[in-house]
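Scrolling down, you'll hit the structures one after another.
Here chain A shows up in two complexes: once beside chain B, once beside chain C.
What follows is the complex of A and B.
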């Protein structure tokens, strides 16, 4: 027995010290949605939505939401200040949504995200969005039928993602794009509709480097933009005007669902500035076309030509906007760096991106038109 | 009777055995001796015949009166006391020690005045329960016979299934005072002689006053008594015993117990059930995989849950966060207390249910399961999720076909709960690691306990995690150490021509 004399000591040393590191789930205040705004004097203001649940023996417990804001010098400083207003401590390792205020995003968003990258416990899958106006207003909304604002926003963003209005973005995914010179990113742009007490998805906020350029790509153009990026969600619907005059009616429109895209990017590096040629081949189904007569190959051909022309024009507009805002959301710089490193080295991409020539060509092909003609 | 006691080291005992006390020729002396030898026990019966010239002696509680009538009185009435000494069913013995032994077996002794020889008749009475299916090892299909508490009937059940002269049965007595008859059964030519010798030597070394059950024997002959894992297969099923004998294992049976012990055992042997072989092999494989999965649930689920809610709640799936939170938010105690309370309640209910008669046992089940389960959640002592976790754990531990392994699993839950409550996932990893190390280094009668996984023997996996069709099992598993490897050549010759009609 003598050799076990010290075992209680060793065991308690090993086992009891562990308890100190416990983070009891029942003792934390859960933050599922949070947001950061710019405040006066270079400060930031954080708003967190704390979900408190009251347990009941049957069925799910009742939920109460607590919305707390505090200003501070840095996001973590605001956390300390928020903790002083609540019981226990809040924990954002189950954060679902992180909203960034427009004003803050225009400065630099990296400082706001830094703490998430450093903490191994943080949820890097949290969705990001830019809010036009104040984040605080967005998080304070009480949307009828949606008890949790975090659920509401993630649900909305997931829906938009499935319909190819939004690329998959979360804190982790934008990390490399945030720090890399040859690639910029987009974030969903939401605005608060106080009248109806809802949030609205407006489009894609275009980022240049680490800050929001101040302009967003409207939702109608987002589908084409994402298809040009080579991203397609569950479906990619586009409604375009074909024919008609200045007073179009419902018969002048066609809705297609792009089923497949083939993208080819090629760089012409002979000149002083590289020329980019973007070839897109789309295969689509017709979902809606009231005038009918889609059985004739001639008619289909006509339609295809019309849509091609339309989309190419639109693609040029999108590229124009991207160059205007100096946002390389297509990641052309990254490609250039990978395939033409010599050219890349000579260029100051950040300065010269806006001046390079990008030429999109779109070929459109109708593959099927549903079960009627 | 063939005794397997070898001469080495046991001389003192041998001497005691060889000691004989011859009978006197005086009837009175003899009778007095036996009465004294039995300390005037009242169930030693004397029937004085022929006006005191002859006496019939027996232990009343051990004999069958009808047998005495048939074996002794019938010929006695016909022949008289002189002729009866020549009757062939009687056995002449003059050694008093031997006579005592036979009396204790239920023989009756006939003594005549003037003769040192006593005539012994086999009149043992036997009270046997009928051969029924064992309650704790029921199967859906297949044999419904089970061992009884009589050694000879048990061996008969085995012999009936293996009609082969190579089936060897050797007897020995264990327990210095109880003299319990123990049988070692094996199949010569299949079982490894070294293994047989090992089992016999270990049995022979037991020197205890009384052996009541195979549990005693197991504890004396197993390799690692300080391990929680059972190291001998424990069954009440003749078909399971036969299957194991055929693989080359050695079985130990004892008088007065319906349990058969088999060695060597491996961890995975406890997860096999005769049902696996009675059903189609897909089903057998599926069920076996479920059983092995239940091992992980049974020892790890409460620990996993505790470390999640106590340390790593960031791994809770997004949609489960609020349900879990609302369930545990207002529980007064930390999860480890919750878990221990629930696990102990379940053990209490189980233990209470075993001892009580069936109707009361059911009441306990209802009171325990429904009332306590429901009330404890309403009272806010234990969370809903913990009840789900612990109930699932308990069910998973009962999935194992072997009762020994089942209790082991429930015991192993506790250290893992403590480790997980203090160190989180790290604790579980440490615990599992220790468990794995322990399992890998253990041996049962020379066979690695965790075989065929450690050491890996790919060929034997055919009957471990999965059960392949029987015609694919051409070799005996290595872990039973058989000396005859092949079990069959081609059992499906008719498939060769590609015609199924043959």
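What follows is the complex of A and C.
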């Protein structure tokens, strides 16, 4: 054995010194936010935001952003074209936000995402959003007080997620719903407000199959929609009108924070088309109610009934919109397949989804009303 | 080395050697392989495979306890006579070498795909093979200590996967029982391939402390542990990826960690990959150990490291010949799967049948009891 005593040392010297696979920060341009638009003649146009750090002799370096666009046949082709406009090479392994232009999203979005799924270096937890209009305009915005557009957008989306306006989405998480039949997904829908030079969160873009249906669920309905999906962020506030006439004033509104939700889905498969019954039980705190008479149980009960009616109506509207756009964002099809595989096999879900009967029932319970009555 | 050579390993060390040998290169792609064969019912295949292995373990135990002081290579000639016995030993030697080669190329391919696209395969092969060689040249006891020590990594892997639990959708496991039975059995075959290391029982048994029953128990616990660990991995992968998506993802375990970001570690998958390499190295070393032990005993040599070095070099060269392109790897995997069915499942059962019937009969006759 003595002969081999030194062999590990010699081997380490020989083998552990070289490095073929180093990727040094100084050789790349990091892209933190990128977007893809549809361009003419079936081409796509990518826009990337590159942050350059100018090092200075003292203190932290200053940051400058560079916005570059290029068209090409495919997302990766545009990347090559962008590379020809910048110094060094661009690297999207630290991507934080990927925006999809509305027109592009209306076509199949899978081709735009394929390069991310395939590349071992890509960042799959980058956030995704659909932009009404052009992505290029959104990324070119200079928002005052927000030097990095990527941080601005991720911050905005994180905020919306905490307030239950958005489900947790990233490139990877939508993939399962993108590919699975009987399950669709939603993405945040942003629009550019040129006057104030900001982006605005408008609601949830409804996808059908692999493409954007062209319609979005407005932000005020997003909370109920997510609660119906069983998702709740840090808080889930809803403001609803509970009284007054055609000329409502501030006294006619109540704001509640839904604390707990329980969902029960059941399928009735006796008829030719399955019927879906969605039972939701919500427990909420009252956050704001100016009329100020929440002492009696009777009063609270009345209020609960009123809200129940209102929410059930709204739930029906949401389901109506989903069926109209043929977006199965509740994943009802996959659940039907799971619990009634025989029924599922007989159905052509994509065609029949719009015609099935979905019946929501909401029970609403006020569990506390703050530190005053 | 002389000090440790004749010392027996404890049952705890025995447990970890079996666990580390069974878990190895297959764990990252196991959910994919199961899913390909048996769709969302792949976990049933896994349980079936585990039960089959438990049967084989009992069979191996029956054989091994007949020869309490001999390992496989030593008792084969005693069972079948010198010529057939030695032929079988050579076959087993080649089989272990083949598995080593397979481990090496699957590992090379995985690293090539995930982190080191530019690093040449010969370097990766040499690095792993010589780590294995270095490990086994210190003897079984040292190996056992290292294996026990590195098992802490399994705990870390477990906790990394726990992070994925918040994004799973249980509905993807349903409907249960929609896969035809032949497909489930096909899945079980894939699962056995990922749990192959149990054959090392034959080599470890004579060197382990404890009564025969205690050793059987420890072995069964090891198998149970591997099954449960795999079941967890399969469960997380099946529920994280949708039923149709998993068909696109050959390494689901890495892939799902790629989408998770922790505060300190931004790419959890690379972190897991580094720990997985340790697991691969341990499986590789056990097979290399069995191969070199076998060939050393066959030649009744007193210089085991010479044979170990020879085996290591053979393995590296063979793996370079097969290469890490997709086609040859697939055919080689197919080949090793078939060979494994013979040497790791059929053979232990045949050996057991032969031992408890003919061999016992002959021995009793010789001892004049009949």
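Here is the rule we use: the second predicted complex is superposed on the first by the 349 of 373 C-alpha atoms of A that agree within 3 Å, B and C clash if a C-alpha of one lies under 4 Å from a C-alpha of the other, contacts with A are read in each partner's own complex, and residues count from 1 in each chain.
By definition in this document, a contact is a pair of C-beta atoms (placed from the backbone, for glycine too) under 8 Å apart; a residue touches a chain by one contact, two chains touch by 3 or more.
All figures in this text were calculated on a predicted structure; none of them were measured in a lab.
In the superposition on chain A, A:24 contacts chain B only, with no contact to chain C.
In the superposition on chain A, A:8 makes contact with chain C only, while chain B stays out of contact range.
By the touch criterion defined above, A:117 reaches chain C but does not reach chain B.
By the touch criterion defined above, A:181 reaches chain C but does not reach chain B.
Of the two partner chains, chain B is the only one that A:32 touches; chain C does not reach it. In the superposed pair of complexes, A:96 makes contact with chain B only, with no contact to chain C.
By the touch criterion defined above, A:341 reaches chain C but does not reach chain B. Common to the chain B-facing and chain C-facing surfaces of chain A are residues 15, 18, 21. Across the complex, chain C is touched by residues 1, 4, 7-8, 11, 15, 18, 20-21, 117, 120, 124-125, 168, 170-173, 175-181, 183, 331, 334-335, 337-339, 341 of chain A. Against chain A, in their complex, chain C makes its touches with residues 1, 113-120, 123, 126-127, 130, 134, 137, 167, 169, 171-172, 174-175, 178, 240-245, 248, 255-256, 258-261, 305.
Taken together, the chain B residues at the contact with chain A in this complex read 308-311, 313-314, 316, 318, 321-331, 334-335, 374, 377-378, 380, 383-384, 418-419, 421-424, 427.
Against chain B, in their complex, chain A makes its touches with residues 14-19, 21-26, 28, 30, 32, 51, 53-57, 60-61, 63, 93-94, 96, 121, 123, 148.
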